[in-house]
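Can you keep this structure in mind? I'll have questions shortly.
Each chain carries a letter (A, B, C, D and E) given by its place in the written order, and its residues are counted from 1.
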């Protein structure tokens, strides 16, 4: 009981003197205190959150699907038969049984493309979140720990990037560098790290005043060790939650950029470009855009459910015990 | 004191704005593509003299640092330059398009509030109920759907099949609204043109819904979780111990506290709404700043992109400041 | 005035059933101060909240009787219960920082009870504070604020809780509790969050209220010293159950329950010569899934097999001294 | 005792925190950075083997003083000597050596242990600072320490949340002991514990002191605890030391009005100790702008007059080893 | 009231949904088809085009070519601008000199100068006669002339160009009511309209009271708007929607030939193997253009067998195109030293809008064993790459040829890249001295028969050299509500509402 009480008070105290942006992060679920938690009972906790578990399962299935895509696809996802242009799904009139979900505007098997598309969407999500996290967390911890000019420079830079409208920014990057997978990742990460930076910085600021950090200092640990072994493990869970929540929105951003004509843009199928190039067919061949849309929706939904669940699981305040 | 703080926020914003200006300047100049060449299109002939003349006119023949110098000195004088393509002062273009964007942003804001806050409250009060689960599931759907896709679906359903909302645009000319401020809702109220108001609101609805859906979802979830947290607080127990009815406890004592974070996040969302609506603007043929910028980026209309991004950044900073000010009003603990 | 019989409040949790209040029987005479002592988590707060029927979810009052001035509160309708709360029975909470609503002005919060219970419409109030309810309410609130010792009440009336120091906040809470002249005041560790000198201020304030208005007070505390100095009777709780209850002097000087004894021995005494303190070994138990028998048995020096095997009843030692222990007699210190 | 060389000594030790004003506030409203005078001009000596109790109300600077002594904070001004060496000038090897000598035990057993680390991780940090490298030796040493503080070896790979408050505090003690220190600042080590557990820790600390000849600075606001454990007591009020005296002297003849009020306010089960309560008016002022002159004058019941509000009294020795800072005794 | 004198009860409003924003309403200040489409409803030119692409007088009454470099135009009398000013030779002279003179538009220069070739000056000879003088003969002058609209001299001199751009005054069938260029442009009938070109009946004022252009960038929305009845005419209908729209009883789909020449330019400098004509021919044989048209374009494109759009001036119909023959393609490749396409691999760049066809082309080429991948670019990024060389080989792109004159296509696309005028679109970096010589010879010819003969020759050369894969010209596909009368799309994409009516 005492544990929870102190953490609640702490959270309150820190809530009130946060800037709105930190509040935002906070309410996205991001102020987590992990005092009763280790990985062992993490999975047990996951079991008690059926939605999160479901999310996790779906995400894992998707990842497997992406990895084994070449083995799973019934047809060549890259080239189609022009004669099969906008072929409806098999259960529709005019559909062919071997093309379960029908074909797209170039007669390519939709199912195969959706399966393959998982690769791009998932790697876009994973890689850009991973890169943003690594950059944001290292700079954030350093800024929060050392303060001073380092903090000042990075915080101002972060402000600057935040003031840039994200889509315009990404669009600008894509226009400048041209479409392509890595360019897309670059565009997404260039600003994506800022949120992680702010989170890590804010958490470090509060973590730094914790007595166990003082204790480590008193026992003669160096700054780097304190950052790595005392502070980092305590903020990483917040980061994971933010990461999952952000992953969904980054995958959607990829789709949005495709809509503006600047996605991954090769013949490699990506859900974003499938949805956006298929949207013209919405009225006569809804499946071309809608089915990849469903695939995306399900993935983002699962990631969000997982993220939300993680937030609850990792936040002892939300637990009944 | 309060004024000093506001002043300070503004002062701090200046270097940020300057940074934004410089970044967007280099961004545009260093990205490939020649505005003059693009302007000439893929037809007809173009004389090299003509291209040179235009390049000179646009000051593109000068070295980069001189261009930057001109840009910054003009900027400090409040001059955003002339659009290459539209041949108009950028400031005017922005002024013409900003009201549409702001109106859409506010539409989205209001829709997300009207939907999200009650849902959040009810979900929290009736935690684990069917309603809670359904609305939270809906909220998740809201944030998991690409906006353009949702927009098209809404158009198909509400305009094509049911004919209840118009498919595009801001206000048909036939309504005959006299514009004063550029905000059609305000203008129609000012001129007492109620049919224009009705039409404006109808046009505003689908785009606002599309733009606001994601935020509504976020706000609903936030309201719910902050409400849940507030309901656990000691002062709620005290309110009950005073003998208040459950309704008074929730609406009077809990709600205002639960809204403290929500309101600030919502105010902050204005910035996102302003900067993130080009997709909605494109889908709904909404004549706002977002579409203007996307177009300008594609045409390498440097001054227009620069000007618009600076205005975006300004509105973002202003929205942030506004968020902070609102925050001080809902939360007595904070002195700005 | 108040008679609690076999009150039980349980929390179903993932770890098992938490019997936060387990068969507690108490009574309070008019104008009496009863101290309820015990360690953290032993169910003191839940006992108070059960009286008001404000046990938080998922807790439930599963049995017993709470008779206040002749009627059983547990059988009252919710609306009746509401009129009682704040008016006849008021509560002062442990942590003033979190108990005042941060977004409302202090004056307004103090006046709220008056408004809810329509106090300003009552004849006695009307006569004293005038007809205009708004003005009357303000007058009454200012009076209350002065009464509990909040200086410059006029200004403080318009301030927000965070502008108050801890001690002031606690006073404001007391003012809220006193606003309708309750017959019974439930004070849940009202001084725990405060400094010694401030604690002394608050406690003497409570003492004064008790004397002047004849308000009955249940004072919850974990500090035996506080209970010893301020209460006429002391009830000791351990793991959800009442283990000993009796007049203060008797409980302090002639404790019967091994837990009470241990508690007294582990407090350093401020007397001339240094006496070695003797801690109780072991830890405060987890309330979830407690086995039957005496919950103190694992830490008890005098434990017997029987202690584990059955529920131990309360035993009358003397007239008003009761103990829940099998072999309490002869265990005099 | 007093004849011996002090182990730790401070001269005019001052620690201010700055609450920064914004640039504009400075320029426009001409406001200066505000100073939180947490510790102000403190002269204190702690002798080897003794327990010095430090009491005072919340926010009066006890923790700050304790942390500054062991160089967790840099002092704003003044000197700290440890065995006649200047503490705040220590760097590198010297500092490591000092870290081994001086340790701290924190108030909050929940916040002072890193929740992500096992007991082994937590205790091995100071052991490595001590120069132990071999994992086997480290493990042996950890088990030793656990045994010493009354925890069983099976606890070695548990996480803090698996312990009760008292057990956690034992881990904190073990961590401090791991460096084999001479001097321990115990910052309210029992305040967060239940009454029945508090006694266990106090006894443990006493035993350890005997066993290792430790010197304690024992910070607390609980006067009965401080009475029990300390040899000498220093009373702090708003950053100043207002009175120091051997325990028995202080309890029998408190001189400073604040000390008197403090002692009278202790609720005690012990009837013989109860005195007439002195109820102080008002609350402790904030260290942001402490009152001028004697800092206690705003609440003092024995004010002399003008001098109290103008002149800061200095600590004078009124009788042997009994110092007080009050104009009554100037 | 309307021209036919019949009392109309309700004012008729015609709404057109456009895909792109209008950039300006000043006819001199853009190079943009959409802007021109809207502007030409408010401004008339000296000449105009019939739906079958013939040039007929509009404001001009007649014209004569006095010498290879001189043209004289007689202007119709009694034409007034929307503000009531009469249109005279002064206005015509002003219009053209405004474009020719650098900095003449409030200090800015018109980007339309290039559309006037080597025009030196325009002088009025009397109130209703003007003389155009060229530096050198420019045979496509008349065909280029419809792109220029006459603006009022006095009005602009009085108010300045900036004001004019916002309050345009022309001599066209509609006058402006209000303009929000990214939203909607509202025009009402100009009752004193002179009636337009007598060669295109019916002549007279416009039939609808109000004409509105609304900008609806998103295709799906545009179609939805038509289906919902929010607009009457929409441009840029995707070909695959045609069937479905035709099935709607309230909607009619209209098509006509287009003027965009689509081809895959094979860069011979950047990608060595393309130097070999056999490879280029092989690629032409490998792609089944007819099948692509039938499927990807839903039959709504016309194959360009050679380097010209069928129906253009001097079109050589002896050229029937490279037939689709995979074997032949493989043979040619083998001859060139690339059996089964081994050793050949390149990227095909394109823009988002054309990527379907590009992908289809790539699929066909891959059949020969060549490894092709498609990249989609923002045009702004791709263009400099095409100019500089860079890491690329082939590009699928279009070139506008609204004059339907080979000159206008050959000069930018196939003449050796000499300067920005010449070879501006020569992404193949094709350079054939024989071709160049004959081309320049032809440019100064005046006699149409000679020109036709030369153009046919030029087409043969290009066909044999195959610097590009010849693909198609997409048809203009527009759709309108069945309420709309007398409206036909025109090959240059112009939507002229002058004669369009609206049924009940």
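The working rule: a residue touches a chain if its C-beta (ideal position, glycine included) is under 8 Å from a C-beta of that chain, and two chains touch if they have at least 3 such contacts.
Note that the coordinates shown come from a computational prediction; the quantities given were computed from them, not determined experimentally.
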| item | value |
| --- | --- |
| Shortest path length from chain A to chain B (each step joins two touching chains) | 1 |
| Farthest-lying chain, centroid of Cα atoms versus that of chain C | E |
| Comparison of B-E and C-D by number of C-beta pairs in contact, larger one | B-E |
| Where chain B and chain E are represented by their mean Cα positions, the distance between them in whole Å | 37 |
| Geometric centre distance via CA averages, chain C-chain A, whole Å | 49 |
| Centroid spacing, where centroids are CA-atom means, of chain C and chain D in whole angstrom | 32 |
| Geometric centre distance via CA averages, chain E-chain A, whole Å | 45 |
| Contacts with 2+ other chains: residues of chain A | 2, 175-176, 279, 282-283 |
| For chain B, residues contacting two or more additional chains | 31-33, 148, 152, 156, 160, 232, 282, 298, 331, 333 |
| In chain C, residues with contacts to at least two other chains | 40, 98 |
| Of chain D, residues touching chain A in the complex | 67, 70, 72, 95-96, 99-100, 102-104, 106-108, 110-117, 125-126, 129, 159-161, 165, 172, 175, 178-179, 192 |
| Chain A - residues contacting chain E, complex | 79-80, 82-83, 85-86, 105-107, 174-176, 178-180, 261-262, 265-267, 277, 279-285 |
| Interface residues, chain A side, partner chain D - complex | 2-3, 6, 33-38, 210-212, 214-221, 229-230, 233-234 |
| Complex contact set, residues of chain E against chain B | 13, 17, 21, 23-24, 26, 29-33, 102-103, 108-109, 111, 113-115, 117, 144, 147, 162, 165, 177-178, 180-184, 186, 210, 212, 214-218, 220-222, 224-225, 227-230, 378-381, 383-385, 387, 397-402, 408, 411-412, 419-421, 424-425 |
| In the complex, chain B residues that touch chain C | 232-235, 237-245, 253, 256-257, 260, 330-333 |
